[in-house]
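The first chain written gets the first letter, and so on, giving A, B, C and D; residue counts start at 1 in each chain.
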């Protein structure tokens, strides 16, 4: 019987407009992909470490102390970049939350979570350093300075963002709730700042804490910009690494739903320890 | 859309008149808190008059949290909230209806609280009654908007206890600051237009956020 | 596209082409739904044609209620797609909600409102005619308690009121979750009248029930086990021989 | 008035905070990698045809 000539399986015709394979992704996407790959993150970490080291050396030793405040003013080189990074991550949380609500893409939510967690770190640091610096200058650990108070409100909003994530049993819903809290918190910040400025009734010019006034000595400004760059690099590293862990956690969670695994595992506990306690697979395959 | 919001607000208020929860629990709580705060600060009348606005708005804030929780509990009792969400009504209409009903309840509460404070702390209400009324109105609308927005989160969350204050209080901080300052200025008869503008901007932000984002909170 | 208010946020899922045609009253295409870690529904495929009554059978926790709640858009499917009368379950929620009514053990009533007030509120929220309320109450036999608060009603009376709500709304897709629990025979016949009315209107009905339908022919029976549809060979006329997986 | 007793704790606090954050992330990455490995093993074992029950 004539063997039926096997028609060669139709090759998956690459869509003419979009050649398949890595080449079709735009240059930006490829660069982002490289940055977020585990190797990329490692080099980000190294760059951040180098920049932080250099900035510490410069701001502690090289730069002259401030005429009025003396060495205490060196705290500016950590307090101001921390404040800048805190507000940066808050803006990223708000933007990513809005994008997640708008498009429903999961990577926006991961970016929002990563930025929120980094935000909590830097906001807490800003407040601690701010009061540490305020102590010798204003003689009090806490003054209702508009910026410090707004940063404190920022910290409360971050706490709300992270607390709301775990509330519903449906992780998608938790992500949506936290996105809404992140957005509402972001809309709050300008009103908070304005209220506190009026509330104190003080309209004195920017206090010495406010940087960037060109009157600062050239070298100090350079040291400050280096510190800001270093903090931003570290922030980028923390966010990128946190996004990878979030992606891995979500992948594991979805993995647990795939049929072969599901039968072997009775998922009740959270993913991390759940996998650790997963019983050794029964059936012939178990080689444990 | 407005028809549904009005129907919902009317239903909420009728439920309130029937259940009289605000009158029977929230009001006594508020007055007790006020008196306790007053006692804690001592009999010194000028001091009391100076902190009176702060006491008023702290009490209203906590009363708002209680009233919001009660309003959503009534919905959740028999799954009525899900009935609302499964109706073709736009989530924004549900939000506005709840916020309107809550505002009316809180305003009624404030009228009583302000008169009680006027008696206890000897506040010169006659100084600028219109300004005072405007401040109370704008502050209450903002508070009701935040309460209604986050109330559904507290109702649907697994651990219900501490969620509502955790979400409402940080968001209400600017409102608290503005209302206290505006009230004290109003009592002294000074100009409050700047603060009213700030309160108004807060209300616009809160209502806009509520209208746009309520849909995301309620969908499962 | 009347996306439900703020819920335009949705994973950009195109509904399966075959699903879009209006021939289907409801269709689920590989719907999975996970609660926390427990998958309640796993890749369920279901097609309900207009005029059809589908009976869902299965043990407790087999996913019957979740399936009804997914069809009623009370719950979003984690994976997979579905549509009701051509409206996608995830993007065209308001249209789906205009057409479907889910009656479960929760009767969604306000305790402090009277029966009539509850129904008038439902009529206004669903753009139905409030004048229908007295007639409907009479039909479910609650006319004499129309002005009493529902807080004092028994479970059976509350479920009759829930059915009255369905009559007021006149939905196209009727989703009944254990409609017979706690009902006497007379109320049971009300359920049949309700389903028959929906079918006459060209709608469809999906019932989840343990006990056998007395004097009632479901066109098709779907059995669920652990969230997955199980093909069980049995005659479709249930009243003939109660079988299937129990 | 240049007083290092405030600057030193400030920088120390910053260094400790950063180190803690990086360490936490590193530990999580390692835990995720272990989880992924376990799952892969579980999936591989599942794929081998199970021996028919006796």
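Worth pointing out:
Here is the rule we go by: a residue touches a chain if its C-beta (ideal position, glycine included) is under 8 Å from a C-beta of that chain, and two chains touch if they have at least 3 such contacts.
All figures in this text were calculated on a predicted structure; none of them were measured in a lab.
Dropping subunit A from the picture separates the other chains, by touching, into B, C | D. Looking at A-D alongside B-C, one finds more C-beta pairs in contact between the chains of A-D.
Averaged C-alpha coordinates put the centre of subunit C at 46 Å from the centre of subunit D. Each chain gets one centre point, the mean of its Cα atoms, and the points for subunit A and subunit D are 16 Å apart. Computed from the mean C-alpha positions, the centre of subunit B lies at a distance of 37 Å from the centre of subunit C. Separating the CA-averaged centres of subunit A and subunit C is a span of 44 Å.
Within subunit D, not a single residue touches two or more of the remaining chains. Residues of subunit A in contact with two or more other chains: 101, 169-170, 176, 256, 271. Under the contact definition stated at the top, the residues of subunit B that touch 2 or more other chains are 213, 216, 219-220. A complete list of chain pairs in contact reads A-B, A-C, A-D, B-C.
Within the complex, the subunit A residues that touch subunit B are 101, 153, 156-157, 159-160, 163-164, 167-170, 173, 176-177, 179-181, 183-185, 187-188, 191-192, 194-196, 198-199. If you check the complex, the residues on subunit A that touch subunit D are 45, 52, 56, 60, 65, 69-72, 74-75, 78-79, 82, 118, 121, 124-125, 128-129, 132-133, 135-136, 234, 237-238, 241-242, 244-245, 248-249, 251-252, 255-256, 258, 260-261, 263-265, 271-272, 275-276, 278, 281, 283-287. Within the complex formed with subunit A, the residues of subunit C that make contact are 6, 8-12, 32, 34-39, 42, 76, 78. Subunit A makes touch with subunit C in their complex at residues 100-105, 169-170, 172, 176, 253, 256-257, 259, 262, 267-269, 271, 274. The part of subunit B that touches subunit C in the complex is made up of residues 3-4, 7-8, 11, 14-15, 18-19, 74, 77-80, 82-92, 212-216, 219-220.
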